[in-house]
Structures are given as C-alpha cells and as structure tokens.
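Chain naming follows the written order as A, B, C, D, E and F, and within any one chain the residues start at number 1.
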Amino acid sequence: MFIHRKELLHPVEVKDPDPRFGQFLLEQFGSATGELTAALQYWVQSFHVEDPGIRDMLQDIAVEEFGHLEMVGKMIEQHTRKLDQADVYAAPIFRIRGPGPHFLDSQGQAWTAAYLNEGGNVVRDLRADVAAEAGARQTYETLIKACNDEGSKTALVYLLTREVSHTAMFMQALDKLGYLTDPIFGNIPPDETVDIYLNMSQGEPDLRGPWNEEPRFRYVPDPKPHGNVPPNPTNPHDERGKLHAPKLTAR
Amino acid sequence: MFIHRKELLHPVEVKDPDPRFGQFLLEQFGSATGELTAALQYWVQSFHVEDPGIRDMLQDIAVEEFGHLEMVGKMIEQHTRKLDQADVYAAPIFRIRGPGPHFLDSQGQAWTAAYLNEGGNVVRDLRADVAAEAGARQTYETLIKACNDEGSKTALVYLLTREVSHTAMFMQALDKLGYLTDPIFGNIPPDETVDIYLNMSQGEPDLRGPWNEEPRFRYVPDPKPHGNVPPNPTNPHDERGKLHAPKLTAR
Amino acid sequence: MFIHRKELLHPVEVKDPDPRFGQFLLEQFGSATGELTAALQYWVQSFHVEDPGIRDMLQDIAVEEFGHLEMVGKMIEQHTRKLDQADVYAAPIFRIRGPGPHFLDSQGQAWTAAYLNEGGNVVRDLRADVAAEAGARQTYETLIKACNDEGSKTALVYLLTREVSHTAMFMQALDKLGYLTDPIFGNIPPDETVDIYLNMSQGEPDLRGPWNEEPRFRYVPDPKPHGNVPPNPTNPHDERGKLHAPKLTAR
Amino acid sequence: MFIHRKELLHPVEVKDPDPRFGQFLLEQFGSATGELTAALQYWVQSFHVEDPGIRDMLQDIAVEEFGHLEMVGKMIEQHTRKLDQADVYAAPIFRIRGPGPHFLDSQGQAWTAAYLNEGGNVVRDLRADVAAEAGARQTYETLIKACNDEGSKTALVYLLTREVSHTAMFMQALDKLGYLTDPIFGNIPPDETVDIYLNMSQGEPDLRGPWNEEPRFRYVPDPKPHGNVPPNPTNPHDERGKLHAPKLTAR
Amino acid sequence: MFIHRKELLHPVEVKDPDPRFGQFLLEQFGSATGELTAALQYWVQSFHVEDPGIRDMLQDIAVEEFGHLEMVGKMIEQHTRKLDQADVYAAPIFRIRGPGPHFLDSQGQAWTAAYLNEGGNVVRDLRADVAAEAGARQTYETLIKACNDEGSKTALVYLLTREVSHTAMFMQALDKLGYLTDPIFGNIPPDETVDIYLNMSQGEPDLRGPWNEEPRFRYVPDPKPHGNVPPNPTNPHDERGKLHAPKLTAR
Amino acid sequence: MFIHRKELLHPVEVKDPDPRFGQFLLEQFGSATGELTAALQYWVQSFHVEDPGIRDMLQDIAVEEFGHLEMVGKMIEQHTRKLDQADVYAAPIFRIRGPGPHFLDSQGQAWTAAYLNEGGNVVRDLRADVAAEAGARQTYETLIKACNDEGSKTALVYLLTREVSHTAMFMQALDKLGYLTDPIFGNIPPDETVDIYLNMSQGEPDLRGPWNEEPRFRYVPDPKPHGNVPPNPTNPHDERGKLHAPKLTAR
C-alpha cells in the first residue's frame, strides 16, 4: 500500500515564475522521459521480478520517482501561477487546460504506456531502466540549460542527480547478476554468426572501432545475401554462447 | 541512399505454416520490441551523433535491422499462406487486414514512434540501444519457445543471435566512450545526494545488496521530507561528479 | 512524498489461477476505467484545486487508488503463475509480454492519458470523478460476473465497494460546493436558449420525460436553422443563469 | 438516418478573423472536450441504452451536437480565411494542413475515441455525459475569455449555454432513474467497508468535510494494511447497499 | 444542421446473431476503413473545398455515410443481443465494454483521426476519398466472405455497393477537374527528373511494365547517388509540368 | 536485403539554416504525409501483392522513398545546426529532443502506423498509394511556399517532382490492371442501388454535376428511409457489376 505525506521529498521554490518554462517542464511530468514513465516502469517490473532484493530495489526507486513526479508537478504549479498576466498565446497548454501539471509533454501529446519497456526477464528490465534514466538525465540537462530561475535550477539539479544515483543502483544490480557488460542473457544460445559485423552502410568513411575489430568481431566488408558469411576459424563463444574474445574494460 | 537486393540476408523457410503463429510474429514486425523499432531508432540517431565511427556503426546496424524486418515479414507471409484453410476467428488480424505482414503488434495495436528512445546525447542513445536489443532478444526467446516449426525456429535463432551481436557492439562503443559502467555522463555535475539510497518501500523484506550498501551508497532507512538527508562524511564523487567509491566489476 | 509499505491495503488471495481471467483483469490495471486512470486523475487535480479540503480529499482518494492498482496487479500476478500450463494462444498478452501486470487493457491497447478528464475548475473535476467511478464500478461488476475464483471475487467486491465510497465522497464535495444537482457552474451566464429542448431525432417514438417537459424546458418539436427558437415568455434563469424552474429531487 | 440542411443551427459570423484564435477553436472541434466527443459519445450510447425515452433523448442531444460541431467548424473556417496574411509560424496547424477545421486539438494531437466514456449501464453513461458537458463548458469559458471577436463570442456563449441545457437534461434523466444523488447503482451490493474514509495523505492540513465526517463516514486517520478497518457499529447500508446515513441535500 | 430520422436508410435484419461476428463488424464502425472514417473525412473536407458543387457532393456523401455507420451499429447491436449465452471469452470486447457498437476496431484499438486524409487541395482530398472507398469496399468483401447470416449479408452487400457508387462519384468529380488520370496537380511545376524510374530494388526479377517503360519513363537500371541521372533528350512535360508522353488509357 | 551508401540520392545543401523551418520539415519526416509513411506503405504492400511486376515496382519506389526520408533528415540536420543561437522557445521540439530529425510531425505528434493504408487487394493498395502521393505532394508545396532558403527549395522541388513521378507509375499500374477509372473491383458484385445518388444534404445550393447526373446516376432529391429507392428502369451494370453508363473521360 502507498501512503502520502503532504511534504515534498526535496524543497521546490520557484522565484521567478514563467508559464513558458512551465510548459517545458511538462517534459518531466508527462513525456516519454518524464518521472511518470520512470515510476510506472520500475513499479510494474517489481510484480514479475523474482529476485527479492532487486524487487525491493525497484519498489524503492519507483516510489522515489513518484515523489519526484510530485516535485515536478509543484514546480509547474508555481510556474503557472502568473498565467493571467502572460500573453494569451504563450504557454497555450495551460491557457486551454488550466494551470498546474497535466499528463502531456511540452508539445501537448498525451502520455502513453507505449513509453514503457518491461517484461519477461530481469536483465531486460534493468537494461531498460538504465536507458530510461539516461533519457531522463538528458532531459533534465536540457531543462537546466533553458532555465532562468535559480529556484527551479536547484531542484532540477537535485532531480538530475537522483537519476544518476538510480543509474548506479541499476548498474550494480546488473553487475551482481553478471550482465552489466555481458552482451548475452537468457536461455537461447546464439548461433555461429554471433561475432559477425556486417558493413551494411558502405562508402567513405567506413570506419573501424572496437565495435567491429578483430579478433572480437569478424568484419564483413561487403555482405552478401543468404547468410553467406565467412567461415569461422575459431569458436568465439562457449556452450552458453558466452563470448570468449577480449573482454570489455570497465571503470 | 538505400539499395535493395531481392534476396534475404539470411534464408527463411517455413515448413509448417500456421497463421496463429504468424500473428505472434507480428511482435517482431510491428511491436515495441520489433525490428522496425530497432531500425528506425539506430538510423535516426545517426543523424545527430557526431562521432563518425559510432555514426557509421549506427548506420550499419540500422540497415541490417531493415534486412531483419524483411526476414520477419517473409516469415509472416509464409505463415499466412494457408489462411483460407484456418478457422475464420483464428489469426483475426490477417483475416481482416489480409495476409502478409502489417505494422501492428500481435494484439492489433499500430506501431508508434513513441517506442523510440533517442536524442541529444550519444551515451543516452547507446544505452537506449542496449535496452532495445534486450527487449528484442526477449521477444525472440518467447517466440522460439512458442514455435512448432523448425524452419521458423532456425531463422528466429539467427535473428536472436544478431541482437546479441549488436548488443556487444553497442557495449563496445559505450566502453570506448568510457560510459559502459559509469553511471554519470553529460555536462551537469550531480549534487551531494548522489550516493544516497532512499528506502521508500518499507517492511519485510527490506533487503540490502550492492545497489544500496556502504560505502558505495549511504542508506537512509526511513526517509524524511524536505531533503532531510544524513551528513555526507566523505565526498564520494570528484569534481565532475564521477564516483570514487568501489568500482563496478566487469566481465 | 510517497511511502510504500510492502503489504496490501486489503488481502488478495487467488485460489484458482486462470491466465485468461488475468487478461480480463488488465481492464482494471491498464484500461480507461482502471485504477491507474482513477489514481492519476484525482492526483493531478489536486495540484490545481484551490479548496484545501477538497484538495486533501483528492489526495487521500488518489493514494488509495494507487493501493487498489497494486491489489489488481497482485491479482494478475497470481493468475498468471500457471502460464506455462496454459495453451500457448490463451492469454496471449502474458505469453508475449511475460507474466504479471502490464499497463495495457485486456485487448492489448496501451494506457493513454487521453483517458483523463481534468482541468481548470473544481466542479468540472469532481463531475469527471463521479463519472470515472461509475466506469470503474461498471467494469468491476463485469469482472465479478465473469469470475469463477472465490478469492478474486472477494477482492473485486471490495474494490467495487470502494468505488461506491469514493462516489459518495465526490458527491458530498459537489453538494457542499452547491453543484451536485445544479446544471450550471462557472463565470459565464448562459443566454436565453438555456431552457430549449430540440427534438433533433424525429419519428416514432418521440418520447417526453422530465428532460424535455414544460415548464422546466421549452420543447421544440421541429427545430429550424438559424437559432429560430420560440419566444421565451418567462425568464427561467436568474442573473447568474441559475434556473428557477422545478428543482431536481434528491435522495 | 441522418439528413443535413445547408444552414446552421445558430448563426456564426466572425467579424475579425484571427488564425491564431482559429487554432484555439480546434479545442472544440477535435479535442477531448470538443463537440465530436459529445456527439459520438451520446450517439453510441443510444444503441445500447434500453430505456426508450432516454434513448430518444440521447439521440436528440447527439444530433444537436453534430450541429454544434458544424458551427465550430464554420467559425474556424472563417478565422482561417486570412491565413495568407499571417506570419508563417503563427497558427502552424493551418499553414501545414490547410485552412478550415481538422480533427486535431489546438496542439495538433489527433482526436481519439479514447476520449469516450460509455458502455454497459445507463447510469454510467449519463454520469459520463454530465462530466463530458462539464469539460465542454469549461473549454467554452476558456475560449470566450481568450476571444477578441464579438461575433465569435456570441456564438460561443450560445454553445456554452447549450452545454448547460444538456447538463440539465442528463441530470433530470439521472434523477428520474433515481441515481442523480445516490452513489450506488448496478447489481453488486457493496461490502461493509462502504462507509470507510481512509486518510491516505497525511500531514497538515488533514482537513475534514462532509466527504469524510461522521456519521456518514467512518474516518480512519492512519490506515493499516490488510483491510484492518475499525469495527462497524451500525450497518450503514440496506440490503441493496443503499446508504442510510444523512442524505445529500439537493438544489 | 443535422436532423435524424428514427429509421434506417436501408433495412438491417440479423437472423442468426453471433457476437463473434459482431466483433468483426466493429471494423466498419470503428476501424481505419470504417464508416466513421468515411463520414468525417468527406465532411471535414467540405469546409475548405471551394468548388460549390463538389462541396455539396462531399456533404451528401458524408451524411449518407453517417447513415451507414448507423446501419452497421444496428447490425452490431443485433449480433450482441445473445451475448449472455456465449462463452465468456468469445467476443471479449462486448463482454468487457457491454453490448452494442463501440468506436473500436475488431482488435480493440480506439478509432483515431490519424486515419483521415484531407486538407489543402481538392484534388488531394478526392484522391484520398477514392482510396478510402477502396479500403472500405475491401473490408466489406472480407466481412461478407466471413459471414454466415443472410440478413447481415444482404445489408453488407448494400453497403459495399454504396462504396462503389461513391467511388464513381469521386472519380467523376476528379475527371471534371481534369485530375482523374493526370499525375500532376497544384502550383509547383516538377523538375526535369519527372520521367525517371529508379530501379532501387535490384536482382531477379527486375521486371518492366507500363510504369517504367520508354518512352513514358527513362529507366535507370543502377541508380547512383547525387542525382546522377541520365541526360534528358526530350522534354517530357510542358511548362505546367503536364506530361506529354503516351497518355493513360481510360475505361 | 538492404544496403546503404553514404551518399544522398540527390544533393541537399541548406544555405541559411533556420530551426523553425526545420521544425516544419518534420512534416515530411514524421507526419502522416511524410516519407516514412510512403516508404513503409509501399514496402509492406510488396509482401502480399501477387503480381510480380507490381511487387517489383512497389519495392523500387519504397526504397527510393527511404532515400528521400534520408534527404529530408539531412535537411533537418542542417537547419538545426544553429540551434544554440535561436530563441529558447523557437523550434521547441529540437530544443527538447535535441537537434536532427525525429519521427514526429511539426506539432510534436509521434508517427503512427495508423497512417498506413494497405492490405488485401492490389487495387486497394494502389489507390491508397495515389492518395499517399497526393498528400505528400501537397505538403511539399506548402513547405516550398513557406521556405526562404534556396538550397532547401531546390531539394524540396526535386522531392515534390518524384512524388509526381510515383503517381504516374501507380496510375500506369492501375491502368494496366484496368482499374484506374473503373469504380468497381474485387469479387462481390454490387446490388441494384449502385447508380443511385442520394441528396442527403439539402437546401441551397443543391448542385448537379457529372457526379450525380443522369443517365450515369439516378438522382434522389429527397431520400426516404428503408432503402425506398426509385425503380431502376435499366440495369446499369453487367454481371460483374461493371457499369455500362457513360464512361469517364481520361487524359
């Protein structure tokens, strides 16, 4: 069960309200990268994840994200207080829908559960969560750069920080499971094409990097149809499909 | 520019067509985790990613994914050949829309670009790509387990394999950039709450793990409002917000 | 801020799991009439509603609805435990997406914030809330009638009951504001056509009832264009547009 | 069957066309609270509502709403006549899609049937209709306040008025059925928790009002899990679940 | 203004109700190719089309389509009468949402105005209308083939017939404007590449037909980047871009 | 399989970048009438179309459209280079989502496969394709008229030209099949109402034109319910439902 306390997780004090910036803030309330996406994604995962520790972590973070959603909502509420004094066609979403937050992005598109990535496997879920945090962090950076109000900025840096914190937690969980840097998971071993790199986009510059270099990968400069791949001199993966070739370096 | 060759990247030979399984296969043609999502996500990223090597890699993989989409489409085409012999209410999507693939998921929901995660930063993009591959791989595993046709199964294992391959490539690219295992990226340093873990979901079991253990994290068992966090005895992150505390192990 | 306790608001004990019924239950997790709609609608209203008592009530009920969403999620989790033993094409959503709840309706359509009705005025909000509860109650009745599991049924009757309770609360709030049975609210007085009933659908049976009878309404049997309405002998509304004519009876 | 007459239900004469205001008007053509929503919601209900009088009323009002949709469309047509003289980036929807109305809201989001609330029970339908009218009225008030053209304003006040009229009709119908002020309807009696109020959002101010006061409601200041509700000294509802406690006052 | 008469444009008498077929019929009520799409597309076009005769035709056909939508709705209403006698999991949409039509397709996806093609130019509109009728006709053929009830079949053949009739009308209108068989319309003359055919999909079979044969088209067997097209020996189009080359044959 | 070459099909050189115009250009990248719609619609049709020549043509044109999508993407990339120098609230989509193209329309609405028209019959498909090209051409004309940059204009005229070329190809294919100007196709002969024109929208002006004139059509000035159509003196269609009456003229 959920309980709500009528205080914010972290203070939000807008000093210089601007409904136009309030409309931008909808990105973190009702867009793909917003707090609703984070909260619901982690929370819905907690129902099917079987590892009790990771399930607990997902619940902890999900509930924190609901608290962040509330903070963003309060910030929007404060930015739209002066709505009557603004140009009618500035911040049109609030003019039409009324002040305060709505589950829309800054362009007026309704939030959809199509934004959520989850289901079937804890590794898949956690990788989706690292990605969700990356999107949220990126949007916070964008908002901070567009922000002229110091009060909003402080709260936004706090919120960005917490996305970093959650990323660290999800990475630790993946690492504990052994899947932070291992490309394969699940029960179906890959076939012998697993180390092939297909140069499907041709012409200058056809660049090489650790993502397509030998011996980790077999580079096919001019791929042909029908799986006409070069012979595989050595077996690059063990019986579970784990790749033997040079390990990724971590930091 | 794109060129098409009228041969598949890898053979697809359905031996025992089943329109109901064909409807399941729509998941990899027109669902959130399908090949269209992968192809368009990587390709649209290639327009804004500035690193020329990673841009090239994104294009190579995106174009390969278009080839995979074609393979899945051919598989669906073959599974829906015997449509007339099936019960009218089996595989209703093909009965109503006609045989062959459609950009719908297996429940008839139209594909939407809301499935795409991309924009603004190459680290964000690559993390989204690792997540996209995890979702695609999971769906392939599901389909393989539900599949009774050996021809389909062989092609599906190939397609699952390539998702693993792409994951390896995206991880190598993240690793080269230094962001495979580092929770932070971008230009805004996090604040002093970055190592806090908030135990927002309380009661048995309140478990501990590497995602909330000292010294990497400061665990707050009963969080209070207003950012009332415990004092931070040591600075866990450097001036860029990079975390000093115990590194993640990689494999 | 939100806090979660790892216990349900009310017990949920499925005795006879059935993934097909689990798929039906998605209606109360991720459909238009489900608990997510209720929780988010009431909660988002609480940001802009100015009456502190009603704001508090909206928060209380919203948080309770999150607890209901959790109960429905747990019920779905329990019904999808035996997924492996079911026919592959039964309960296809769980087969494809994995067991446990998802933010989809029973036909696989993603939840969208287009389901929410809120904004701009507390009377509008509360009327939308009475309607939301009516839809939720209707769906619970449907599920109860389709349900063969006693454990599920008990939980569903509890959840239906609470929708009734919330309806009573919203009606009391509307009544206190004076708008439970008064058709008009807001700042724009209606014009002199307010008591006109236009018989736009013609032919047998053209029935009469309290919704189109004199003296409350002026009935126009064969409406003409250009607002060609009959003269209004008496002014049926006062200066605020409040209607004088026979009051509605309440119970 | 429908017949159309090439004259408006009520005159629309825009004197001072402004494409930007035309874009705002799309809210009543193609948004959630617009006339299309009203027309289709009431009309689709008329197919399953069994009470012949209410069915007739729903058809009458639905057809009138189609006439209102036409009026709003004409208003938009007139406001977008001077499109060529406007700044290219003002009113971008008309610049891109062409002049005249489109089934989009003012932010360019396509109309969706997800906006409709209907099905299964006439009380549910009529409560949804009261809510739909409240949303439409609120949007008309917003448009009137943003409007500088007297011709548009007169038509908008007429349209707002008719929403009030329809609300009165729907309320009369609910009242005749006995469900205007009665929280419960349908065939499933609620359980003994029906009079419980759960104070889920805690902290100052925890306000009391008719929606949570004794004897109508049993107030639980600090709810516990597992339905741990206080004993119910008196049975607040009769065998049908009708509540005995103090009736709502009506006006 | 619209007027409704409580009789159908054409009789609908279902003799053997089948809720499963009723669910299929939703395709013509709430899908992309259904009657709502047709009605709203033609009607919304009538606001911006300037030719008074074509505007009148669009209104006539739109209003007829509303009558067809009503017929389909009545058919669904009749097919869902025996809902209680059907298996709970047959026709799930009606079980959950209640009997009668809903603005959903047969897979439960909500109707969206994204289905509409209209705006900016009467030729564009009429071509979209010919396409809309083709989709509607195709779906009626599909339904007729899946139908076991003679009463439904008769009504469906009537409805299919009327789509043919409308197609003939739209074609006549395009022909009168001079754009039934002329590929170009509008105010921007095409450039000198207008007669180029690019063989972008290569390999056997690379077939030729009137769509890529000389002299009407210049065939480029192996297209190169940068618009590297062969020289154009003769100017295939006049100053307005009208093509001189062999005319299309009409019937 | 697809291959990509790192050069554009046709050069794109923006001389005067303007992020606001870049946002308009999203219409051809991620809107209903954009290049993605064209590419995916023609390509998905190629899976079920049985005529090998038309299948080949659909693939050729689809692949060319992917090349156009790339050109539009590059144009957007170039227009959003100077994003940092623009007003924060100009071109908000790029400010929030980052520079470069996204699969959104110019109002921020995500691309959806609901835009696609395809399935079941080649005539239906090709008519949908002629309509798709008409929409795309119309949008290009709109963009060209709004464009101040000569480099963009040249590329846009090329792209508009190619839509005309494709229209000519689709028309030739329809003509070869015998369905460019014939209203009927498919296997269900229409009934005897096929030549009826119903004057459903009544009042001045009730205009006549080739779409409702004798002898091609029987005009019903005041339609009655129940299919009460006038007697049909001559059979206007042969056994296949082909219409005998005056043929359409072609050019």
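Here is the rule we use: a contact is a pair of C-beta atoms (placed from the backbone, for glycine too) under 8 Å apart; a residue touches a chain by one contact, two chains touch by 3 or more.
What you see is a predicted model, and the numbers here were worked out from it, not measured in a lab.
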Shared chain contacts [chain C and chain D, defined touch]: A, E
Other chains in touch with both chain D and chain E: C, F
Fraction-based call for chain F against chain B, same above half, different below: same
Label of the chain whose CA centroid is most distant from the centroid of chain A: E
Whole-Å gap between the CA centroids of chain D and chain F: 36
Averaged-CA centre spacing for the pair chain F and chain E, given as whole angstrom: 11
Chain B: positions in contact with at least two other chains: 1-9, 56, 59, 62-63, 67, 98, 104, 107-110, 112, 114, 119-121, 138, 142, 200-201, 205, 223, 225
Chain contact graph, described as a line, ring, star, complete graph or other shape: other
Listing of all chain pairs that touch each other, if any do: A-B, A-C, A-D, A-F, B-C, B-E, B-F, C-D, C-E, D-E, D-F, E-F
Chain B-touching residues of chain F, taken from the complex the two chains share: 1-9, 30, 36, 40, 44, 47-48, 56, 59, 62-63, 66-67, 70, 73-74, 76-77, 97-104, 110-114, 116, 118-121
Interface residues, chain E side, partner chain B - complex: 20, 24, 27, 31, 105-109, 138-139, 142, 146, 200-205, 223, 225
Chain F partner contacts - residues on chain E that touch it in the complex: 5, 7-11, 32, 52-54, 56-57, 59-64, 67, 112, 114-115, 117, 119-121, 123-124, 127-128, 130-132, 134-135, 137-142, 144, 157-158, 160-162, 164-165, 167-173, 175-176, 178, 180-188, 190-191, 193-201, 205-212, 216-217, 223, 225-227, 241, 243, 247-251
Chain B residues touching chain E - in the complex, by the definition given at the top: 1-7, 88-89, 92-93, 95-96, 98, 104, 107-110
